[in-house]
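Structures follow.
In the two complexes that follow, subunit A is the common piece, with subunit B as its partner first and subunit C second.
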Partner chain A sequence: MSDFTFCTVQYDSGDWDSAPLVPANLIDSVARYTSISVAPTGVIVPLGSAELFKYPLAYLTGHLPVRFSELERRTLGEYCGRGGMLFVDDHNHDIDGVFHKSAHEEIARAVGPLKELPNTHALYSSFFKFDDGPPATTHELNGWGDNLVHKHLLAVMRGDRISVLYSSKDYSSEWGYHPDNKRFLSVDNTKFGVNIVVYALTR
Partner chain B sequence: MTILERVERARRTLRATAIAAAALRGLAAALGILLLSATVDAFVSLPAGARRLVPFVAAATAIALFLRRLSRAGVRADAGSAALWIEARFPSLRYALVTAVDPRYEGRVPEIERAAAQVSFEPAVRRAARRALTGPSIAVAACVLVLLVLPAGAVARVIRPAAGDALSRVRAGSRTNPLASMVVRVSPPAYAGLRDESFDNPASVRALVGSAITLEGVAGDGQVVATLGGSRTSASPSGDRWRLVLAMPSAPAAVRLHAAAHERLLVLEPVPDSAPVVVLTAPARDSILRKPSGRIRLSATASDDYGLASGAFELIVSSGGGENFTFKSRTIGAATFASRSGELAATISLDSIGLQPGDMLHLRAIVRDRNDVTGPGTGTSDTRTLRIARADEYDSVAVDPSPPPEAEKNALSQRMLLMMALALEKKRPQISHATLVGESRSIALDQTRLRKRVGEIVFTRLGEDTGEEGDAVQKRLDQQANPDSVLAAADRAASAAAGTALEGDHDETPLLALNRPLLEAYNAMWSASGELEVGEPGKAVPFMKKALDALQAARSAERIYLRGRTRAVVVDIDRVRLQGKDKGAPGARTPRPAADPSRDDRIRRFDAALRLVRTAPSAAVDSLLLLRLDLLDRDMAAARAIETAANTLRGGHDATSALIRARRALTSVPSAPAPLTSWGSPP
Partner chain C sequence: MERALRALSFALIAFALWRLFTAAGDGDVVRVRSSSLARDLPSIESARTAALHVEMDAALPPAERDALVAVAHAGTRVTWSAPRATLSRQGAAMPPLAAVAERAREPGGPVRIAVTSAADVAFSDGLAALDTVRATAAIRGATVSVGEPSGALGAVSGAVRAFIRVPAAAALHPVLVVGRAGWEAKFAVAALEERGWTVEARLFVAPGADVTQGSRGAIDTSRYAVIVALDTTLGSVAASVVRFVRQGGGLVLLAGAANAPAVRAIAPARAGARRLADVRAFDAAEPVNAMALYPLEGLRGDAVPLSTRGALLTVAARREGAGRVLQAGFDETWRWRMQGGADAVAAHRAWWSRMVASVAAAPLPPADESPAAEGAPLARLVDALGPAVAIAPDASGPHRLPGWLLPAILLCLLAEWASRRWRGAR
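What follows is the complex of A and B.
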């Protein structure tokens, strides 16, 4: 069986590469907490490429407006149709920001409208247990961005499975540090990332 | 009156009689066909297509019979023919009449004319005319009488067949099933500009979302109630009919109609209004502009299935970088449309937007359609991005802002090391010297590691290949390098890379100036490491603070990195495997369902409907219609096949072949997309 490889989505518009350390950090966490066979480095895959279909979980982030091309839109729709899961995180942590608005629009066009994900969803207990739903980030608690602590994540569901998971919490900033620095944290803030990976692989 | 004139008069009478008789026979035949069709339709509803043919068949039959009778009767074109017809009925004339009207003997044989004049043949002509006309006239009268007796609607269904006239052949009655015959009239929303349509006894109705669906039937046994989703609507009486008005929902649904013990299903299939298709034709591609000045032409084409309403170009200007972006947006070139396709055009002046170097201008066209019921539908074009180059990137088109590397993360680490050193110094009186030195050297090790990382960043910027593990730095460290030698090497590298084109303040190259905060941090860390190595955390603290300040300064400095040089972090999986402080509890892994898990269920439902065909055909039809409803959004071929089978069953015909086709369509191999590749073992 092949290794799980963390995939970062490269899209034509915007700054898709705004959080380059998140993949390594999550790979480290997956290895640190689970026995999942994981590749030591992530890959960067263009959204319009059929290469995307090799990866069960894809990560997309950025600050700038997201405008998918027709090919990207079609590929994303097919990717989710085949059972892939896209994790989108708003690096602006601002629901009034252009990333939030444009990403919502594009996801709705490509896959379907985003809806609130209940905090009792299996995602929050797929590995670590998060009784209160998605963990808050320092960016939320410090009042940056939209000055909101977002109580829920959003998702596009296919049946009872998440196709697109959308976060306004800015995990891209929260997890954007070198994995070696994890030892300085009293509580590892990437544990929720492990839940996302485990959910994508097992549900 | 001469004998010739009398014969001519008889000829005209006979000719008129023959024509009239032929016409009456043709008319009788046409009325007979209409009568027969209306009578058959009253008992067995004829399909609209067949009824549309009836008037043509009747007319063709009438014309054919008229011509045939006319030719068989013979047209008495001249007096000789008429004279022969009379001679045949008056043998005593012994051809006197024929001879008398013959032009060759006219006036030459008076005896023959006198003999012919003595015979009175006019009454015989009149009797013959009456006999010829009586039969066809009676036939015509009888047909007309019977047609008048039939219900007006029944005759109209044959004479002027039209969709929606199913109710014309049904009479109201207290024992009548009010759902047996139903007409559905569809009134599309006004914005679509479509005509109303009527359907007789449809099993399903396709219409635009928001269309008014009027159901109409003949009043009968019980009040008609419609159930759609969770809402119930009662029909309102209208004369001897009932009427219900529903709105076409946005998702396929089944309307259940109840009246006393009667029940009927009607499937509503919404047709969504597509959003406009918009293509941005200019600018044709993304680009980088040297200066934010000049004018740019924008153009776009748009089309819609029912009609465009308005459109405009949307401009978003994003400024900033890193974590600090600001945006402003506006629209220009607004236009309204009155057709299904149109073009947008505008020109923007970059000077008026106030773009700054580094800003990005995102352009797209947005068009809305006329849908005022569920819309408006909005179509957008692809987005073009125009970036204004910064002044310091003119020499290279490949230069782009790239994510900052770990500089600010190093600041975090440096702060942690500083805190650890302060804590160690604080507890110095309580611990032994050996412990102090041991812990101090541990901090020194981390400080050295952090220093190497900073060194890697500096040399990466200077264009030197550091290798995956910072080989360049390590090499320098191995060669007993010191801060001055590193600084000198950096300066040399900057000079070599930049040449004379880059000029900085004083004697520094810009590249060196850019890296100076990091080099200062590098130097301070070097000194701190030395103090920590000898167990003097207190003496190391000032250097560590200086390093932290330098890193903070580096954070706020503007940084330009060559795109694509971002170094990949390789996680040492074996080292970190299961080293986490927390333990997770993976839930039970549930197997992925098959590509189409509901397929088996649908086949079971189809088989159950098949079992009802003989015993309860109407229930079988309803089951098939509900099954079709489920298939509408996933397997149109099977949905169509099931619809055909249901309609055939409802029409009371043999549906064997239609059901076989439906079963085959339902069980055909589904075109499920290929699954994703496998990805490792579960936790």
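What follows is the complex of A and C.
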């Protein structure tokens, strides 16, 4: 039985390591709510590396402009073509931001154009139920960034499966705290992260 | 001399007339060649022929063979023979061709043709040539796989043409995948769906929380063709799986799934302790040998070992009631798809589809009633008309005179006329 290992993608440009607490927090949530065998620590894998193919779910975030090298682009296309799933979160929560624009371009070049993911998609019911689609973050509700509550996530689909899941909601900030601090929250805001992991492991 | 020649001429003419009017009479054997049988059949059928002998210088089409059977049923004794060379094993003009087709039990699966012949065999459908088998292979018996044929599927060997009946594609029920949520589940479901299978899944995520794909109906052969158990977590399926197999369903036990209490009684073997492969690089070894393995141990007496890795048994199968159980000890097959070579995705899909197809419950396809379908023409000929008889071939046909008769008459008349002219008489 394979352990699920949380994988953060390291890319040459930008600040790939801008959310260092997210992996531990999501690993804690997966272990807390499910019986999935999860590795206690995550891994960091270069996007252009063959190591990436050992981890069929990978997480990519940052604030700065993203420019993939030719090797990174080719590896990402191959990774998604074989069934891997990349979760990209804009740490700026800003659709006019440089990460958003450049990441869109790079994803389109490597995998395909991003499109709105319907809020009825299986992702929102794979474990916990999110009847209204992706949960809003405190940054959106406080009007930071582009002062928008983004109603949908975006995705590149391969058949009926998600190859790239793209969020402008800044879950990287929302989930970027030590897992022990969950006890101070009335509602655990990482539950949607569990849905992403369970979806990736079952679809 | 002239009188003798004249008398001989009259005698020969009388003989010819007698042959013409009595050739079809009782007790005479009409001999025809199979290559001209279509032309001769109307006169054969209208004449009162007591016996008919067919020399097979070319393959007999089914319609003409059936016509001969009808003639035989009408009271004519019908026999046939073939020149020795046409029945010999090597270089046969009319080799004992036999071909039968079966369809793989997987969506869009190939049509497999088992063939034997004493000469080269060429396969074709209504559109084009499909494949060939050399005589050296066909003599021992060979199998070829072709895609979905367009129109009639035929095989030609020497002068023999066989029309092969292709079974209709069976309607396959969905596959049910059960086990723990994980990469193996994700990629097994994906591989089967990408090969055209309809897949339902019940994957354990947490107590009381399964991820379900498809319905949660009863487990029986009217709903599912195969159950794939990825590990020992069978969940709600456990109570029904043995009955399902005994009713005719298929069961694939992957990795350590055979040790699940619910299937231990019907598994081909126990799953031993997990071992890593000696070579874990998929591009450096046969892909299935780069996977981790739960070796099969304690093989049951009625199980059939199918594959090994060194001294370790990797795959085995057995029948249970009306169904079949396949146990494959491989673990983490998803790594093959993600980390294998350029063709790994397609190969992984095909491997999974073959495993499932090998045990899938499939209803019998409707029988093909096409009268033209005939995979073994020579065998059908022997069945219809009996074995070949040893009769010296004669080129004569019905109502025909011996070839020497007309020249002989003309020669006699010419000699008689020349003799008279020689002595000056008119």
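Things worth noting here:
As a convention for this text, the second predicted complex is superposed on the first by the 203 of 203 C-alpha atoms of A that agree within 3 Å, B and C clash if a C-alpha of one lies under 4 Å from a C-alpha of the other, contacts with A are read in each partner's own complex, and residues count from 1 in each chain.
Just so it is clear, a contact is a pair of C-beta atoms (placed from the backbone, for glycine too) under 8 Å apart; a residue touches a chain by one contact, two chains touch by 3 or more.
In this text, all values refer to a predicted model and were calculated from it rather than measured experimentally.
In the model built by aligning both structures on subunit A, subunit B clashes with subunit C. In the superposed pair of complexes, A:Cys80 makes contact with neither subunit B nor subunit C. When subunit B and subunit C are set side by side, the one touching more residues of subunit A is B.
Judged by the touch definition given at the top, the superposed model places A:Phe127 against both subunit B and subunit C. Judged by the touch definition given at the top, the superposed model places A:Val198 against both subunit B and subunit C. Of the two partner chains placed by superposition, A:Leu165 touches none, neither subunit B nor subunit C. Looking at the shared chain after the overlay, A:Val38 reaches subunit B, while subunit C stays out of its contact range. Within the superposed three-chain model, A:Phe4 lies in touch with subunit B and with subunit C [touch as defined at top]. In the superposed pair of complexes, A:Pro56 makes contact with subunit B and with subunit C alike.
Under the contact criterion defined above, the residues of subunit A that touch both subunit B in one complex and subunit C in the other are 1-2, 4, 33-37, 53-54, 56, 81-84, 126-127, 159, 198, 201-203. The touching residues of subunit A, counted against subunit B in their complex, run 1-5, 13, 15, 17-21, 23-24, 27-29, 31-38, 40-42, 53-56, 63-65, 67, 69-70, 78, 81-84, 91-92, 97-98, 105, 122, 125-129, 159, 173, 176-179, 181, 184, 188, 191, 194, 198, 201-203. The touching residues of subunit C, counted against subunit A in their complex, run 180-187, 189-190, 193-194, 201, 203-207, 209, 211, 213, 231, 255, 331-332, 334-335, 337-339, 344-345. Residue ranges on subunit B touching subunit A, taken from their complex, read 316, 318, 323, 325, 327, 329, 360, 362, 364, 380, 382-383, 385, 401-403, 406, 409, 412-413, 416, 566, 568-573, 576-587, 589-590, 592-593, 673-683. Subunit A meets subunit C in the complex at residues 1-2, 4, 33-37, 50, 53-54, 56, 81-84, 126-127, 159, 161, 198, 200-203.
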